[in-house]
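The letters A, B, C, D and E name the chains in turn, as written, and every chain counts its residues from 1.
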Amino acid sequence: MTNPLKLATASSHGRPGVVACAAYAAGRRVAEIPIEEAGEWSRKPGHVVWIGLHEPDLELLRQLQREFNLHELAIEDALKAHQRPKLEQYGDALFVVARTAQMFDGRIAFGETHLFVGKGYVVSVRHGASTSYKPVRERCEAAQKAFSEGEDFILYAILDFIVDNYIPVIQTIQDEVEEIEDSILGETATQIHVTRLYQLRRDLLRLRNAAVPLVEVCRRLEQPGLPGIDPVMSPLFRDVSDHIRRVQEEIESLREVLAFAFETSLMTGQAQQTEITRKLASWAAILAVPTAVAGLYGMNFDVMPELHWKYGYAVVLVVILTVCGWLYWRFRRNGWL
Amino acid sequence: MTNPLKLATASSHGRPGVVACAAYAAGRRVAEIPIEEAGEWSRKPGHVVWIGLHEPDLELLRQLQREFNLHELAIEDALKAHQRPKLEQYGDALFVVARTAQMFDGRIAFGETHLFVGKGYVVSVRHGASTSYKPVRERCEAAQKAFSEGEDFILYAILDFIVDNYIPVIQTIQDEVEEIEDSILGETATQIHVTRLYQLRRDLLRLRNAAVPLVEVCRRLEQPGLPGIDPVMSPLFRDVSDHIRRVQEEIESLREVLAFAFETSLMTGQAQQTEITRKLASWAAILAVPTAVAGLYGMNFDVMPELHWKYGYAVVLVVILTVCGWLYWRFRRNGWL
Amino acid sequence: MTNPLKLATASSHGRPGVVACAAYAAGRRVAEIPIEEAGEWSRKPGHVVWIGLHEPDLELLRQLQREFNLHELAIEDALKAHQRPKLEQYGDALFVVARTAQMFDGRIAFGETHLFVGKGYVVSVRHGASTSYKPVRERCEAAQKAFSEGEDFILYAILDFIVDNYIPVIQTIQDEVEEIEDSILGETATQIHVTRLYQLRRDLLRLRNAAVPLVEVCRRLEQPGLPGIDPVMSPLFRDVSDHIRRVQEEIESLREVLAFAFETSLMTGQAQQTEITRKLASWAAILAVPTAVAGLYGMNFDVMPELHWKYGYAVVLVVILTVCGWLYWRFRRNGWL
Amino acid sequence: MTNPLKLATASSHGRPGVVACAAYAAGRRVAEIPIEEAGEWSRKPGHVVWIGLHEPDLELLRQLQREFNLHELAIEDALKAHQRPKLEQYGDALFVVARTAQMFDGRIAFGETHLFVGKGYVVSVRHGASTSYKPVRERCEAAQKAFSEGEDFILYAILDFIVDNYIPVIQTIQDEVEEIEDSILGETATQIHVTRLYQLRRDLLRLRNAAVPLVEVCRRLEQPGLPGIDPVMSPLFRDVSDHIRRVQEEIESLREVLAFAFETSLMTGQAQQTEITRKLASWAAILAVPTAVAGLYGMNFDVMPELHWKYGYAVVLVVILTVCGWLYWRFRRNGWL
Amino acid sequence: MTNPLKLATASSHGRPGVVACAAYAAGRRVAEIPIEEAGEWSRKPGHVVWIGLHEPDLELLRQLQREFNLHELAIEDALKAHQRPKLEQYGDALFVVARTAQMFDGRIAFGETHLFVGKGYVVSVRHGASTSYKPVRERCEAAQKAFSEGEDFILYAILDFIVDNYIPVIQTIQDEVEEIEDSILGETATQIHVTRLYQLRRDLLRLRNAAVPLVEVCRRLEQPGLPGIDPVMSPLFRDVSDHIRRVQEEIESLREVLAFAFETSLMTGQAQQTEITRKLASWAAILAVPTAVAGLYGMNFDVMPELHWKYGYAVVLVVILTVCGWLYWRFRRNGWL
């Protein structure tokens, strides 16, 4: 699967892996800066450096480590993806891992974002399928006053963006579930629906693993005591918390609904089979009548008076048709046919 | 679905979106006031302003924000529905979100109510299908003495009203479950029942998501420490807590009962199929007798003495009837037919 | 369902709704008193008034409220049944709600008991199907020394009685489950068993809802800090706690056992169906032999040498019987017939 | 079920119900003493009295109560079995209830042991099927140095013995599960296996109820603060804790495995039925060929040229055999036969 | 099953059971030492003795006990395997139990490692199938600076190695699950897949029991307060914690996926059966036509005009073929054939 998102974002800056690198003061972009000067800018009072990376190589991460004095373990984590969403505190710096999700070709594409947040800097490292944080940057630059709060506001904005991006994914799944629901209840479920139900369950499982640990991350961010997180930001992080809990609730609901759909599908399938067996039994009974009667008059006994009666054949035909017709009417009436 | 509730309530006041706006003192209605003077009235000692809104627009909310100095995030939440039930504290003001439920055309219609409660004012914002709080207002005005407690009593009265409204919804579901139960156990379950069972499970899931988070909201209200909540109100909020817990218990019970009904339905379906297979097998066996016997005497061998015996035909007929009758009696006896 | 329990207890005292009303001192019954003097007696040092009511009307409750200064919300609760088991503290008085259960006509009949316990008085209010507390009263009067402890001992005695009454209910269900178990494992399960299993599951659910919240009530009673509960009573309440926990454990076990029985029943049903299908298939195969062979020799070709052979008919009969016999023996051997 | 264990142990001492009664000092048995002197011996400094009872009568328990000043409720509990495993503290004495389990005739036999532990004495009361604690006594007497620690060491030794006795029970179940597993996966599962699976699930449920509450008992024993439990014993009780947790883990695993086995058995049963239906369908198709063809040539039309063709019969036979053979080969190839 | 791992590691040192025994100072290997001098070396300032054992006998463990003054219970545990993963603190020494897992012949082979960690020494005892810790030793010797931290770093390195070794096991299971998934959804599931699904579920259960208790061990190691664990090691242990939590999450996901696969397989099986029943019914209907018609014209009535019509036979054949063809087309169209 060639991912256009990846191609689009990886090369938008001079150095490969660097998507954006700018210094801000009082909520205003002061300068586009090279990575090499990032540490210097971040130490200027009232300045915040915001760097966006996409699948950086080790060398680039090492340079950032030197600039901002990042912790060795965080760098190792940022190099390889496949981390659980978490919040680590290394001295005065925070390291946040979040997993992103978006619909891509009818299936969910997962990505990972690692955030280094410290005094005067925010570094976001994206892995896999994940949209650029350009819209976040633009929104921050627009909300100049709030943005002037500094690096914790950027952290908030990115987390908010990630959580908001779960919504359309859930919406898509919800729509599809409702569609399958209709076909299950309308007795037209096929193997394709079974397959789709199965895939949706797997996808939801992955989505839950991606999203739910963020609840804990947000819970810690809304409580006081983390370095660099201003207590006035508390309501904002609580707002993100709320959204991610709503996402969690939706996921759990969908999981239950899919389980219900499975069970219902089993029952519908059983009913279907019963109906077919009934139909089979009905037609077998109806067709057994001419076979049995005709068999009798096909016997070769010397003395079989009916055979020599002029209207014998006609009467037998009428009897057969009458009995078959009566059976058909009966089966029809009690719903077997 | 055109919702008459919506139409009925949205226009009962001068300004669109405003359902009621009055000032109270010592539990007595002092004046119907325009929104613009609400802030002023709320600051008079011993006065409480109670405003009821229905799906207000942004402008109206902004005005209220100015009057009562409401928090930005709460205003944003109040504008769009789809919040989880919660209790937020912004400075000295409380922001409560609750979801309402009522039966509408045989299905549950959900609504949302947002409450702003602060020193001297209560603002209720309704979204979607939810009955007007006019009865609450009337009841409060009747219970003058208790009402004079102020804004926390109004909060209690509205929450109590919301929780009480869950009861008939649950009652309706309960009745329907019992009806389906009878048809499942009476072996007359059809696809319609399966569909209905499925819908009930989904509805209960939604009802649970709407109601259960209120338990936490009430738990916090009954404990001391929230601004503007008088400790003497504690028993009242504990009473609401008790009711919502009872609602929760009923929902959980119904969920289990529906799961039992599903399983039982599966077993009944299986038994039904077994019965049909038995019937099919029995009739196949009975009808195979004339076919086989007649087939034998339909053979064209030169030497078949029975064929030339005078009573051959009659004896064969008797034998066939006897065997068939005996089989029928046997199948009847062991319950296959 | 006319409930004889109700009729028997409701009229055993002068005033309707009052079952008993007596004053005790040092564990000895001092006087049968009218309700109107109850408050006065309860305030005499060393005296305890114990009143037993059955579905009282509002007027009677109001009078008690005046006598003992009971809380408004407790009175409201006591008037209507359908409360969750709980322990409320209103000032120096306790309000306890418990649900009772007893077997009645093969199904569980549930009742509710509300207890007001304060300095010098205990009022028990029974609703629905529940035995009189006369045996408790007699037992207390017999255990004079322990009884002299006062109102907390009465509370203990009633709770102990309620919890002990769950045991025969559970025992009855257990017996019935074992009976159904035998019929399921012995492959004679019928629709009646399915229906009974379903009803037992529902009843157990109700019993759990009635009994399990009492665990929390007892837990609070065994801990110090409640008004009027002497710490020396702690081991007694811990004993009730233990019993109710045992009841809870039994209920959970029975619930699991019923779930197992359901699953096993599904498997047994499946096995039964497989067996019938096998029988059907076997007989179809056996009977297809004469039909096919006879069909062949019923053909009217001019040249069919076997037909003119003297022993043709006999040989064919022998062949048919041999093949059918061999098939029968084979099916028998591998257990299909 | 006559239980030989019971007969063997109940009469090994002079008085009925008393299995052993000895005084120890510094880990050495000082004297076999009569019950009547037990209290006296227990108060001698450095002495411990260890009494073993089996289903004692009330009189015997009353005497012990007088000797060691035991709590009334503990005596009542010790008289009747059917207690939950628990640890009660009455003043300076401990009362411990544990349930024992051992294999007996292929099913688990459960017993109960009550332990009174106080300054200078340990009384063990056994109910139902449970091995004598003679081996424990011997082991303690052998480990003289550790034993000199006193009554808490005896408590540890008995609990350790009880927990160790769960292991062979679990081992037996495990072996049986593996055996059933093989037969389920090898498609030879029968009704007997279903019955056995069901019984194993019930037994495991009982075993869990017996064993798991001991986790809590041990947890409290390993923590400081209980009277008469020396903190140096902590690692020993933690060891028992560890073993019982391991037992718990094994039980939970077995429960899950049995649930898996049930589900797998359902699937195997379904597959079996599908296979039979396929076989039935295949043979029905094969046998329908001669029936249909022979039927055609059994018709009595005047003009049927094939009938008069010399090789007609032979050709028809060949055609029938060819088609049947071809069908057989096809069904064989795609696995239906 | 002869385990080559065992053979390979058990004899790599002079004494049987001893795999390696070396003293380190400042992260550098100072000397290969005999067991007898281990205690002495461990007490030299700045020195750490690291001993690797594989299934040692009692004598060897007793010697180590004397050298490092190990606790009796830990020695007993280390002698027999089958411990739950745990962390015990005996005075100033830690005793850690972990279970290892690796793929071996398509199934998971489990082992156990016991670690004694105290001032100046680390002893690792391996049981069952588990790779040697030689790679850990080499990695430690390479990371000289970190290694100079001492015995807690060795503990970290071994735990990290154990946890990392779970990953390929999970990966293998994941691959197999995906393979089975494809065959289930592609309707080609066979009894072999059912068996494999069952085995995977059992294996995952065992893996969970082996891995998940390590979460608790790591959680305690990352918190301050354990003897000999330097607080600067906290981030490293938190890193191991993170990995084991990720392993846990993967295991839980796989367990759910396998449960989904089971359910889906049941539905697919049901659908398959329905399809076969449909096919059977269709062919039975088609073949019943010639049988019934031919039966009619096989009757021996004197007066059957069609029989004497010249084109009778041909017309009947055409009628039969037409009806059969029409039925075939109809069944084809609605998907029954």
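Quick notes
Just so we're on the same page, a contact is a pair of C-beta atoms (placed from the backbone, for glycine too) under 8 Å apart; a residue touches a chain by one contact, two chains touch by 3 or more.
This is a predicted model, so every value here is computed, not measured.
The minimum number of touch steps linking chain B to chain E comes to 2.
Simply put, chain B must spin 145° to overlay its Cα atoms on chain D, rounded in steps of 5. Between chain B and chain C, the centres computed from C-alpha atoms are 26 Å apart.
Annotation: 43 Å between the Cα-based centres of chain A and chain D.
Within chain A, the positions touching two or more other chains are listed as 266, 270, 273, 277, 280, 284, 291, 295, 298-300, 304. In the cyclic arrangement of chains, the order starting from chain A and heading towards chain E is A, E, D, C, B.
Those residues of chain B that touch chain C in the complex are listed here as 181, 185, 187, 235-236, 238-239, 242, 245-246, 249, 253, 256-257, 260-261, 263-264, 266-268, 270-271, 273-274, 277-278, 280-281, 284-285, 288, 291-292, 295-296, 298-304.
Listing the residues of chain E that touch chain D in their complex gives 71, 73, 82-84, 86, 88, 90, 191, 194-195, 197-198, 201-202, 205-206, 209, 262, 265-266, 269-270, 272-273, 276-277, 279-280, 283-284, 287, 290-291, 294-295, 297-300, 304, 306-308, 310-313, 316-317.
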